[in-house]
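Note that the chains take the letters A, B, C and D in the order they are written out, and that residue 1 is the start of every chain.
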Amino acid sequence: MAIHPDLGSQLVNFCSALLLLTCFAIIAQRRLSACVDLFALQSVFLAVTAALVAFLTGAYHIYIAAALTIVIKVMILPRILKAVIERLNVTRELVLNINIPSSLLICGALVILAFYITQPIISLGFLLTQDSLAIALAIVLIGFFTMIARKKAVTQVIGFLVIENGLFLGATAAAYGMPLIVELGVFFDILVAGLIIGVYTHRLQDTFDSVDTSKLTGLKE
Amino acid sequence: MILAVSPFTVGLIRKVKARLQCRQGPGWLQPYYDLAKLFRKEVVASTHTSWIFTAAPYIIFASTLAAVLLVPIFLSKVPLNFAGDVITVVYLLALGTFFLILAGLDAGSAFGGMGSSREAIVAALTEPAMILSIFAVGLTAGSTNLSTIVHKTALLQGIVTDPPPHLMALAALFIVTLAETGRVPVDNPATHLELTMIHEAMILEYSGRYLALVEWASAMKLLLFLTLISNIFAPWGIATEPKPVWMAFGVAVWLFKICGLAVLIGVIESMFAKLRLFRVTDFLGVAFILSLLAIIFFYILRG
Amino acid sequence: MESALIILIAAPLVAGLASLVVRTREVMERLQVGHAVVLWAAMAAVVSGVAAGDDVSFGTFLHADPLSAFMDLILAFVGATALLYALGYMGEELVRGHLSFQRYGRFFCFFNLYLFAMLLAANLDNIALMWIAIEGSTLSAALLINFERTKTALEAGWKYIILSFVGIALALFGTVLVYYASEHVLGVRMEALKWSELHRVASDLNPTALKLAFIFIVIGYGTKAGIAPMHTWLPDAHAEAPTPVSALLSALMLNLALYAILRLKSIVDPAVGTDFTGPILLGLGLLSITTATIFMLIQRDYKRLFAYSSIEHIGIVLVGFGVGGPVGVFGGLFHMINHSLAKSTAFYAAGLVLLRYGHKNMEGVTGLLRQMPLGGGAMLLAALALAGMPPFGLFVSEFLIATGAYDERPWVAYAFLVLLVVAFAALVYQVFRMVLGEPKETGVPMTPAGNRYAAVSLMANLVAMGYIGLHMPGFLRALFIPMTHVFHAMAEIP
Amino acid sequence: MVQSSLSSVIVLYGAGIFLPFVFYRNPHLQNLVAHGAAMAASAAGVVLGLAGLWAPEPLTFSVPSNLPLLTFQVRLDSLASFFVLIISLAGLAVSQFAIGYVKEFEGRRSIGALGGLYNAFLLSMTLVVLADDGFFFLIVWEIMSLVSFFLVVTEHEKPETRYAGFFYLIMTHVGTAFIIVTYLIFYQQAGSFSFEAFRHPAAPLPEGFRTLAFAAALIGFGTKAGIVPLHVWLPYAHPAAPSHVSALMSGVMIKTAIYGLIRVYFDFLGGTFPWAWGFIILAIGAVSALLGVMYALMEHDLKSLLAYHSVENIGIILMGIGAGMIFQSYGLSNLAALGLLAGLYHTINHAMFKGLLFLGAGSTLYATHTRNMEEYGGLIRKMPWTAVFFLIGAVSISALPPSNGFVSEWLTFQSLFLSFQIPDVLMKIMLPIGAAMLALTGVLALACFAKAFGISFLAMPRSVHAREAREVPWAMRIGMAEMALFCIVLGIAPMLVIPMIDRVTAPYTGVSIAGRVLSENGLAVMPMGVGFASISTPVLGLLLAILIPVGLLAAVAVGKKIRKRYYHTWGCGINLKPRMEYTATGFAQPIKQVFSMIYRPTVKLETEMLEESHYFAKRMRFETHIEPVFQEYLYDPVVRVLNHFADRLRVVQAGSLHLYLTYIFITLIILLLWVR
């Protein structure tokens, strides 16, 4: 059955907009476990978006990608992170590099920037993924910003994963997803990365008995 | 010629000074007696000295004599003319100075060293003025070759053609002469007081024939400079052609001139006091400036 | 040929997995030595094949064009010497009881996987798969840097991971953008990611998309390449990693990341014209040289010193490609290979010093020439090479780059020369303080076995340096000419 | 002929580099092999130089390299041949000397390394002057610097040696950078680095670039030559090296810079330039000469003293060349040739007598194990040969007739004096002033060497070292003898040297002046004909030789046979002790006083009085230093600023991960905005 392309693009854009919103929520959130949940939520939206695109364009390998997203980003990784949080019993982040209101403002600026930058190439985008590229870029930037703004290792990891989500959205939206093998490779890498980071955070806790990465300033000139 | 006459000038100067001090003073020929006597006396050499000490007097004597041979005295054309120009003369004398300094150091006495070092600084300060003044004169003649200079000036009476540079150069060269030959106010040949002596300090260790040679050489040096002055700036009457009559006349004129200069020096010596060593700088600075001005004037006048 | 390529890439993987099951040191040594030999042989086959001009590829994904072959040459040669050196180095640690045999084996496993990932990345004819391979190398490197498990090593590792993961993520975004641009020309299929295809249709691709892509790629891979201001992880990682790993990081990984950037440059240029990528590379290059020089001046730790020197040299290469033109490009490429050789040599020597004294503080290190002629001499020669002294090739390449720069933008040449002089002063001053003079500390001398491996690897590197220093072997030139064409420097090499 | 000698030069030096390592078991053999090879190679080099000088047209040989813009090409034109000759002559004598001198290092040092580096040094210098390709030139130039650096730090356990070596390496590297700039400027028009292309560029060089090339070359080569104020490294580096190496560095290596200058100005720039260039060269030369000799006077370290004299003599050479350039720019070809002649003549002279003096210093060092003149004294009786050779060197460098130094300085004087032919009044006045400065320099040099020789060799030994000194082995004496011989020949046989140099200058000035400068019988040297000015060193020598006996005869004639008695020197009643002797410091004191504005001496006098009375000193301590003006006000500030700046920037690498992330983030944003 065919859905009107405008409607399709509306849906896609709506989903990606939701992704963006979750980013802001993460920025605004101090409690770590909540951040993880939000990340999981974002991943769900992501999967939905992917599925939508797959459905609308008939590029079926994207279904697999969506499925993988659900498995890895909604199930496995949040578990790991939760576990870490449990073990470190750091529930909330009290001190931030940049306080929440200004963070939100900056993120707003970043979104505008993203639109501004991608505007010239949007035109070649396929109809129904019009603005997703811009949103993807915005998510990447915000994830990046999260890593700068937050101090705890866990939140930095979340920021990193948000970036990944942005990338995935970009890939899906802009190019109907990379070829399957690429997707698989990427997911594999993300998985391993998540594991290694988990290992590292454990070690950090053991050695520095804190995951406050801003304390890691032993090596300098 | 110079060999023969040089001691006489020394004697003359001494005489003049003596006279000005209302003394009888030694006879004209006293220096000759001294030399003869010294030649006969036995030599006392220091055990610390090396062959340098022995060789130096001969080298000094020889170099001075060589310099003399390059200078036109009463004949404007010297046979050895091609062998060297006025710069060569200067450097030959420098050769003498070099060995004199070494000799002064050789004995290892503090006086020798002191004299040597002072001689060095005086020489250093004198040289530029000398070169420049020579240049100034050379420019008019368009040559640094003594015979040419003398010859030309003799023919076209250089000093008359453009006086200012010549006069300045003359003054400069005269001062240089006083410094180079160790006369008052730079040095006092009569003194043997540690604090003041320069030349005497260096030859303090010498005796007998060595002393004679050195003294003789310095006398020649003095006369050499006087000759230079007289022949460069007032070459009137010098023989321009090797004719007996002219030459005889030239000799007479030359004798007359140097006597005049000798008297002048004598007068100066008895009028001025010796300068402090570090005042010599200013004195020679004047000479330098004069000779520099001479050159500048030369060009400005020539346009 | 195909087989050679496969062997070249598979050998490290096999050797890596094998080293997990090895139980004795002798076997391990035999295994790795054999592995090194195989690497050399396979590399020789591949390079000569490509130099001879025939098409070396396997399946759709593996393809060795001159540029890949060039990377293979560097990776395999230095990788092999690093293996030998590691045998000596880790063997020494083993003998001294600093690490268990199990970890000894694990080290070689990681080490070889690292090599594998890099060799794979160099030969993959697919921009996205290359990204995956490079990500793989990042992961294995993360494990190696933290291998010694000290506090500082952990910190260095953490910084490395976070920074390079961010970088690599940005690079992926860039890759996506390239795909985004290319699929309009090549359609939504695998070919749209093939280097060769992209290169073919480069001039039709959408310029703006490529520009954005290039920015993300430069920043992304630039983080791994240690380009200032993304270099910050590099000194820490190089200083804390086990020395063979530092050598690998400096001599191979930086070049590999650079390779990725240059690949993309060769595609972006036809689309948007050189005066887009040129200035970016120039600016970053000069910035890198400056930063590195400043920190070399005030350096107290000799491993960090060489790390910064790597940043400097990456900057020099960037300047070479930034100015472009046959001379500049040639200089840049020649600089890459010479720098890998010299820098790995320097790190090998530094490792010997570290094994002897057990600390990295330059104050305590003097009179190396007296105390350990091998290490001291090698360090001296390597430092002179790195400082750009003939008869080593770095002088030639730096001079060529300056010439190329003078052709394009004279002021760049002047700035470049000034920076080089200061860098020279800094490096030479620091190294000579260590090498000359009388020894202060006695330290622990090495076992003959360890020394043997070290000597072999050092000699191999030095000989290679001398060999390509002032005169270029035919096969290398046969590689270089087509490579300069890859970068659209079509003009004849003078 | 040429080809064979060229190849034999390279092969023999090569053998000298590598063979010593073959005999690593036997240092003595290594020594013989290395320096034997060097001698043979230098001999071949002499042949090569002469052959090249008299060859009808320049010969070229080249080997291709697969690298872009680089060909290993050598060209044997008259200029190159002349410098090859200088290098090889010096190399011959020095290698001979080294055989003896290096014995001292056996056991303490790797003779193989020392000998190999020594050969490499000679080879690189030879190639520098032979190179016919800018790229190749720079390579051998850098190798030359590097090798000489290693030779300088031979005794690297001494901190001051390390400092000297490092300072030298940095300075010379800076110089090289400037040379690179020079060549790049030429390259821009020529499109290649071959000197042939430099000579005949596709398009003529714009005026601005010509000036830039002039300045860059002056700084670049000037650093190596040691012109003021770029000379600071020289007095550290030259003394630090082993003496035979110092002889080569001071005598020969800095001449390669002179070669480079002539190559660039007269060959590449075609000898057409404004008079200002010549004047700048002349002025720099005058200043270098004067300051060089003045600092030399204050030195008590014999080798540093000689090093400063190198600065002085480079200055004199540059004065000659500068005068030549001025004349050239006014189109007075004959005089230009004369100026160059003077400069080049002094170049070869300085190579010889400075080499000789350094070998002499090396011998005293070998015998006394100290470089401090205050600890010498009376050496003339311990080591008579060395004394004689040193004296010859001293006379030559003091330019006393009939030595070789006199000839070249006289020629310089003449070329300065001839300025009255220049139409420009300013120049007319400036050049004589230069002459005055040259005169002052000459006399100060005389004073300095009177001091050097007098204090070191005459009077009583001032220290136990000097008392126990022994004459040096034959190998060293022969080496010095060779050098001395070269000096004398150069002095009394200008009629052989001038035609040689004339072949060098003729291509650049377009005129051959050998016929005009030499009288028919070849006895006299005369710039403008005998009527103008002339010297004849052979005759002068003869004259002195005759006149010395004359004095003797006179003495004998008047005062019969000599009676001689030896007794102690009179020391005011007390019998003389070495401590009472006049010291080098004391000797230089008046000069220091007079030129105090230049030296800025600082004097420290500590007096301890006796408890009983405040009029009797127990002990006094007297210290005096002269201020190293250039280092204090020119070099140290640069280093200080750089370090301070670097130190302030530590914060960039503060260790905070967030900071690092921020760098990347900001870079990303900036670049993205830049693209848009």
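What we mean here is this: a residue touches a chain if its C-beta (ideal position, glycine included) is under 8 Å from a C-beta of that chain, and two chains touch if they have at least 3 such contacts.
Predicted model, so just to flag it, every value in this text is computed and none were measured.
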{"item": "Interface with more contacting C-beta pairs, comparing A-C to A-D", "value": "A-C"}
{"item": "Gap in Å, rounded to a whole number, between the CA centres of chain C and chain A", "value": "32"}
{"item": "Whole-Å separation of chain centres (CA-atom averages), chain A against chain B", "value": "101"}
{"item": "Rounded Å distance between chain A and chain D, as computed from the means of their C-alpha atoms", "value": "71"}
{"item": "Chain B and chain C: spacing of chain centres that average the CA atoms, whole Å", "value": "78"}
{"item": "For chain A, residues that touch 2 or more chains besides their own", "value": "117, 120, 144, 147, 213, 216, 218-219, 221"}
{"item": "Residue numbers of chain D (touch at least two other chains)", "value": "650, 652-653, 657, 661, 668, 672, 675"}
{"item": "Where chain B touches two or more other chains at once, by residue number", "value": "none"}
{"item": "Chain pairs in mutual contact under the definition given at the outset", "value": "A-C, A-D, B-D, C-D"}
{"item": "Contact set on chain A toward chain C in their complex", "value": "59, 117-118, 120-121, 124-125, 133, 136-137, 140, 144, 147, 153, 156, 160, 163-164, 166-167, 170-171, 174-176, 178-179, 181-182, 185-186, 188-189, 192-193, 196-197, 200, 203-204, 207-208, 213, 216, 218-219, 221"}
{"item": "Chain D to chain B touching residues, read off their complex", "value": "377-378, 380-381, 387, 395, 398-401, 406, 410, 413-414, 417, 420, 425, 428-429, 432-433, 435-440, 442-444, 446-447, 449-451, 453-455, 457-460, 519, 523-524, 526, 530-536, 539-540, 543-544, 547-548, 550-552, 554-555, 558-560, 562-571, 576, 578, 580-583, 586-591, 593-594"}
{"item": "Chain D contact footprint on chain A (complex, rising order)", "value": "97, 113, 116-117, 120, 144-145, 147-148, 151, 213-214, 216-221"}
{"item": "Complex contact set, residues of chain D against chain C", "value": "65-70, 135, 138-140, 142-143, 146, 153, 156-157, 159, 162, 165-166, 169-170, 173-174, 177, 180-181, 184, 187-188, 191-192, 642-643, 645-647, 649-650, 652-653, 657, 659-661, 663-664, 667-668, 671-672, 675"}
{"item": "Complex contact set, residues of chain C against chain D", "value": "158-159, 162-163, 166-167, 170, 208, 211-212, 215-216, 218-219, 223, 229-230, 232-233, 235, 280, 291, 294-295, 297-298, 326-327, 330, 334, 367, 369, 384, 389-391, 395-396, 399-400, 402-403, 406-407, 413-414, 417-418, 420-422, 424-425, 428-429, 432, 436-438, 470-474, 476-477, 493-494"}
